[in-house]
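Next come two complexes, and both contain subunit A; in the first it sits with subunit B, in the second with subunit C.
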Partner chain A sequence: MANIQDTIAKKFPAAAFAADNSAIPQITIDDANLHSLALCLRDDCGMDYLVTIVGVDHGQSLGAIYYLMSTTTHELCSVAVSTSNREHPYIHSVADVWHIAEIFEREVYDFFGIIFVNNPDMRRLFLSIDWKGFPLRKDYDDQDPKLNPISIESERQSDFTDVYVEKNGKVVKTERAIFQPDDFVVNIGPQHPATHGVLRFRTAVDGETIKKIDVYMGYIHRGVEKLCEKLNYPQTLHFLDRLDYFSGHNYHHCLCNLYEKAAGIEISRRAKVIRVLMDELARIASHCLFIGTYCMDLGATTMLFYTLRVREQILDIMEKTCGARMTFNYPCIGGVMQDLHEDFVKDVKALLAVLPANIKEYNKIFTGNVIAKNRMEGVGTLSREDAIAYGVTGPSGRASGWACDVRKTRPYSIYSELDFEECLATEGDSMARFKVRIAEMEQSARIIEQLIDNIPEGEYCVKVPKVLKLPAGQWFEMVEGCRGTFAIYLESDGGTKPARLKIAPPCLPLAAVVDHITQGSKIADLITIGGSLDYIVPDMDR
Partner chain B sequence: MEVTCKSMPYEAFKDNEYIESLVKELQESGTNVVVGAFDKLINWGRSNSLWPLTFATSCCGIEFVSLGAARFDMARFGWEVARASPRQADFMMVAGTIVNRMVPVFRRLYDQLAEPKYVIACGSCAISGGPFRRSYHVAKGIEEIVPVDVFIPGCPPRPEAMIYGIMQLSRKLKVEKFFGGVNRQESREEFFKSHPIAADAD
Partner chain C sequence: MEYSFANLTGAFHNLLLDTLGIPGWLTTTIECVLIGLGMLLAYSLLALFYIYFERKVCAAFQCRLGPNRVGPFGLLQAIADMFKILIKELIHLNHIDRFLFALAPYLVIIASMLCFAVLPWGNGLQIIDFNIGIFFLLACSSIGVLGILLAGWSSNNKFTLIGALRSGAQMVSYELSIGISVITMVCLAGTMNVPEIVQAQDHLWFIFSGHVPALIAFIIYIIAGTAETNRGPFDLPEAESELTAGYHTEYSGIHFGFFYLAEYLNLFIVSGVATLLFFGGWMPLHIPGWEGFNAVMDFIPSIIWFIAKAVIISFVIIWFKWTFPRLRIDQLMALEWKYLLPFGLFNLVLMTLVITFGWTL
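After this line comes the complex of A and B, so read on.
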């Protein structure tokens, strides 16, 4: 990192360097130099992956913090920009440096009203076009039912998007049509079985060929980030079960790790092992459901019954220990909620005994099937460069050959001691994404095998203060969820509630890449591609 | 009259007073012998082939998938024909949170269901907004938007609870007077009279 600092300091004398509480170097820069700094970071310093953009409201000023990661050295760094103009906050866009910034900047605009100059698509993302106010600003009154009342009338639509450009030193608003004048636009969703939830695609088609997809989100936007600001630290945890409801354990793991680091709590090894065991069980269960629903999308309904058999077995194991089938709320600050059930080891061993036979069966029934091959091979190919530019992580990114597993790149908890392989493929098509997930189930089983006989004795939860106060500062933590890199940014003002809790879900980039990946495909392949990306809509909408 | 469903014993249902009061109210003015017999016949068919609309917004929808799979197997009760189009469905199981942006879509789906239609509010989000009640973008219960027949509490409800909930709906179907009153159209004005919040928004 030191040489990056040298490079930047030489080129940008205005840049200020600091480090946040997670020891991630932070570069503070003025808006005028942001774009050239971004280019320099990407091209000269290897920071080619934009993890997330965090919008912040500091009362007097609004700002954005860009978290960047290098795909070769796996170093993190952040760039902070702020503007003191609350009426017309302008920041220059970096959408041409990292593709995924386009949608991240839309998100910041939606929540904070910061306008990104030169972003080609400056529309609201989650909220409707007529929404009043910017909900994550501190002065937004979210309890006023009159401000944005619920309406049963369809929301207003526009075929145009705003683009803000600079002319003679002034920022001017221009309009750009989303589709070409003679495009034939078909609406898919939000109520459509193939969108895996409530996601909406406006699809321009030429015959059966897709020309462009305009993704509409927000049909399950629940405002979790704002809700967290009103709750104390332990109370914020339970929302994470309801984002990506398959990665509940992994997401909890992330936030608990973050709180524990911030509060200086050291948890017992037993708790760490239990957390990792639960993470990997959750991963197997999640991929099981993926295989089932994906095959169902492609017309092979029977597979659902085969895969849910294993999933139910895992849910039984979890239910005995956690007391719930889906929203577990199991890891807590200091460890886990309660000790493992006495049958846990026995049940997990029974699962491990049947899992290889099941995976073999899935491959036999589906993977080798000629119809499946024809529908999946070569469909929806995503190159490694595009996967990085669009921030497509998780199994979908690894299927394109990008080694982005946080368990390997930035090992947390006890993952560095474990022996497992990162599953990679080079094809980048739907079949590769499918196969990577099956391979990951085997690797997860391997991790569980290593740990199940070595669960150390000790306390499952250490003593934590009844009222948890975190020192003022900012933290950033990443884990590997079932669908990709999950990150959380926390800003504390020294109180018992988070001042800003930003959740960076893996599914938002997965949905954002749909337009790019489907261009030129047939409309029937949209189902194959969307299914193979395996996005969870409540996760992207939050 | 003991209204029960499949092989569930009557005593196993926990709200028999409610269904008894419903029966009493419906039969207050007596039942026509012929129409009553036809009602029984058609309700027997209707209550044994309830078709749900595939409508899931979040976590509860995954439990609904489990309900359809081999372990809980809702095909035992004739509910397995989940339809993707509201025009072919009998009832709508609202599995998940309904947010501001979804409300018009949800309302349109409800309007598209063919009469007689039923709504089950499944899970705490659909009932009251649940853990997201204080959010700026969440409807505080779907009862403000559409009339609800059965509430299933839980976050998410277990598949067993869902089975129990749909059984309650099919019990309700069994005592209805199909030829008498159920097969009616409630006008928009009538609906808004009983749902002032939706009327405000209109």
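After this line comes the complex of A and C, so read on.
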């Protein structure tokens, strides 16, 4: 990192350096130099992956923090920009440096009203177009029922988007049409069997061929980040089961790690092992459901039942220990909620015994089928460069050849001690994404095998203060969810509630990349591609 | 020789005409009405059977039990479903072409009813018997696509329109392959008359006597037939994960029921025609030289032979549906125009050679 600091300091004398409480170096820069700094960071310093953009409101100023990661050295760094103009806050866009910034900047605009100059699509992302105010600003009054009354009319939408460009040193608002005037636009979603939730694709088609897709999200936006600011730390955990409901364990794991680091709590090894076991079981269950629903999308309904058989077995194990089959709410600050059920080891061993035969069966019925091959091979190809530029992580990113598994790149918990492989493919098509997930199930089983006989004795939850106060500061934590990199940014003002909790889910980039990889494909390919990316709508909407 | 149903129908005709002294025109009318009622009854009973059959077969493939609550072994489930469809509301939509919207399901159901009339149900048990029976069947089955196109068009909905266009392209294309494989078998039989085709398989079914070309024709027929009935893996017109329900998305109540029934009955018709052309229609399994075996086979009534064979072929088609993923529209077209059709034409030439040189069994 030292040489990055040298490079930046030489080129940008205005840049200031600091480090946050997670020891991630932070570069503070003014807006005028942001774009050239972004280019320099990407091209000269190898910071080619934009993890997330965190919008912040510090009372006097509004700002954005860009979390960046190098795909070669796996180092993290962050760039902080702020503007003191609350009426017309302008920050220059970096959408041309990292593609995914386009949608991240829309999110920041939606919640903070920061306008990103030169972003080609400066619309609201989650909230409806007639929403008044910017809810994550500290001066936003969310108790006023008259500000945004519940509308009983059909939601209005626009076929135009705003673009802010600089002309003669002044920022000018221009309008841009989303579709061509003579496009035949089909609404796929929000109520559609293939969108796996209420997501809407406005699809311009020419016959059966897709010309452009406008992804329209926000139907399950619940304002989790806003809600968290009103609740104390242990209470915020419960929302994480309701994002990606298959990765509940993994997401809890992330936030618990973050709080424990911030509060300086050391948990027992037993709790660590239990958390990892649950993470990997959740991963197998999630991939099982992926295979089933994906095959069903492609018309092979029977496969769903074969995969649900295994998933049921895992849910039974979870039910015995956690008391629930969904929204487990199991890891807590200091460890886990309850100790393992007495049947846990026996049940998991029974699962491990049947899993290989089941995976073999899936391959036999589906993977080798000639129709399945025709439908999936070469469909929706995503190159490694595009995967990084769009921030497509998880199995979908790894299918494009990008080694982005957080368990390997920035090992957390006990993952560095475990023996498993990161599953990679080079094709980047739907078939590769499918196969990577099957391979990951095998690797997760391997991890469980190593741990199941070695669950150490000890307490499952250490004592933590009843009222948890975190010191002032900012933290950043990443884990590998079932669908990709899940990151959380926390800013604390020293109280019992988070001042800002930003959740960076893996599914938002997955949905954002759909337009890019479906252009020129058939309508049926949209279902293949969407299914293979395996996004979860509550996760992207939050 | 087996019992011919022609004796029964002939006796009934004489009863009306001679014994009761009813005039000729009235006799014909009475008979037509009775036949119509019989057909409707057979139609609905078969549909009920198929709904139950498919659900049970599909459940077995998917490690489930299938319907098992209504009646013993869930036998009354299909009847309950049918009753539910009958009493459901027909939802009236604005912005549609009312006349065409209402006409479409009837066209579909009429097409499959007409095809029903030429199937060889049993020895002498046939409603229409004329010299171009097979040709008539092909012609009637083409009416169905008109109904589907109208349904998609008149619904005034983008999804149904895409479904209907897919369906139109698919059915028109695959009719070619069906036609070619039917012509191949007509060549072998030397007639288009349905009873004569069955009689020609008296000693041995065509699938055996026709050698390789008959086998190829059967494979082409079963693929094209599956596509013709819009069933998986060719169920693109109603691909539920893409187009919700395709051309019949906007239909409700009994109008939807008509499409639903027609799909199952088309399944039976495709299987029935396969039975007629390749497996001897109602003809029992005869093996030349095995006199005792042939005599035993003759004891089984002809109507049972026909229906059993058709159901077994339907089972295979259902098996396809619950195993394979769906094709994409361009792959579907490529399969027809690049593979099935050229192979079918080549096979037709092969069949004529086989017949010319007398290589048949």
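The criterion applied here is as follows: the second predicted complex is superposed on the first by the 542 of 542 C-alpha atoms of A that agree within 3 Å, B and C clash if a C-alpha of one lies under 4 Å from a C-alpha of the other, contacts with A are read in each partner's own complex, and residues count from 1 in each chain.
Operating definition for what follows: contacts are C-beta pairs under 8 Å (C-beta built on N, C-alpha and C of every residue); 3 or more make two chains touch, one makes a residue touch a chain.
Model, not experiment: these values are computed from the prediction.
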Which partner chains sit in contact with A:G197 here, subunit B, subunit C, both or neither? Use first/second/both/neither.
first
Partner chain in contact with A:D297 - subunit B first, subunit C second, else both or neither
second
Under the stated touch criterion, which partner chain does A:G46 make contact with: subunit B (first), subunit C (second), both, or neither?
neither
Touch test for A:S154: subunit B only (first), subunit C only (second), both, or neither?
first
More residues of subunit A are touched by which chain, subunit B or subunit C?
B
I'd like to know which partner A:D525 touches here: subunit B for first, subunit C for second, both or neither.
second
Once chain A of both complexes is superposed, is A:G473 in touch with subunit B (first), subunit C (second), both, or neither?
neither
Touching partner for A:F305 - first (subunit B), second (subunit C), both, neither:
both
Share the list of subunit A residues that count as touching for subunit B in one structure and for subunit C in the other.
192-193, 304-305, 309
Interfacial residue positions of subunit A with respect to subunit C in the complex:
184, 186-187, 192-194, 208, 295-302, 304-306, 309, 365-366, 369, 371-372, 374-375, 522-527
In the complex with subunit A, residue positions of subunit C that touch it
58, 61-64, 158-159, 162, 166, 232-233, 235-236, 239-242, 244, 322-331
Inside the complex, what are the residues of subunit B that reach subunit A?
54-59, 61-63, 65-66, 68-71, 84, 96-97, 99-105, 107-109, 131-132, 134-139, 144-145, 155-156, 158, 197-198, 200-202
Would you pull the subunit A residues touching subunit B in the complex into a rising list?
126-128, 135, 140, 142-143, 148-155, 190-193, 197-198, 218-224, 226-227, 230, 238-239, 241-242, 245-246, 289, 293, 304-305, 308-309, 311-312, 325-327, 537-538
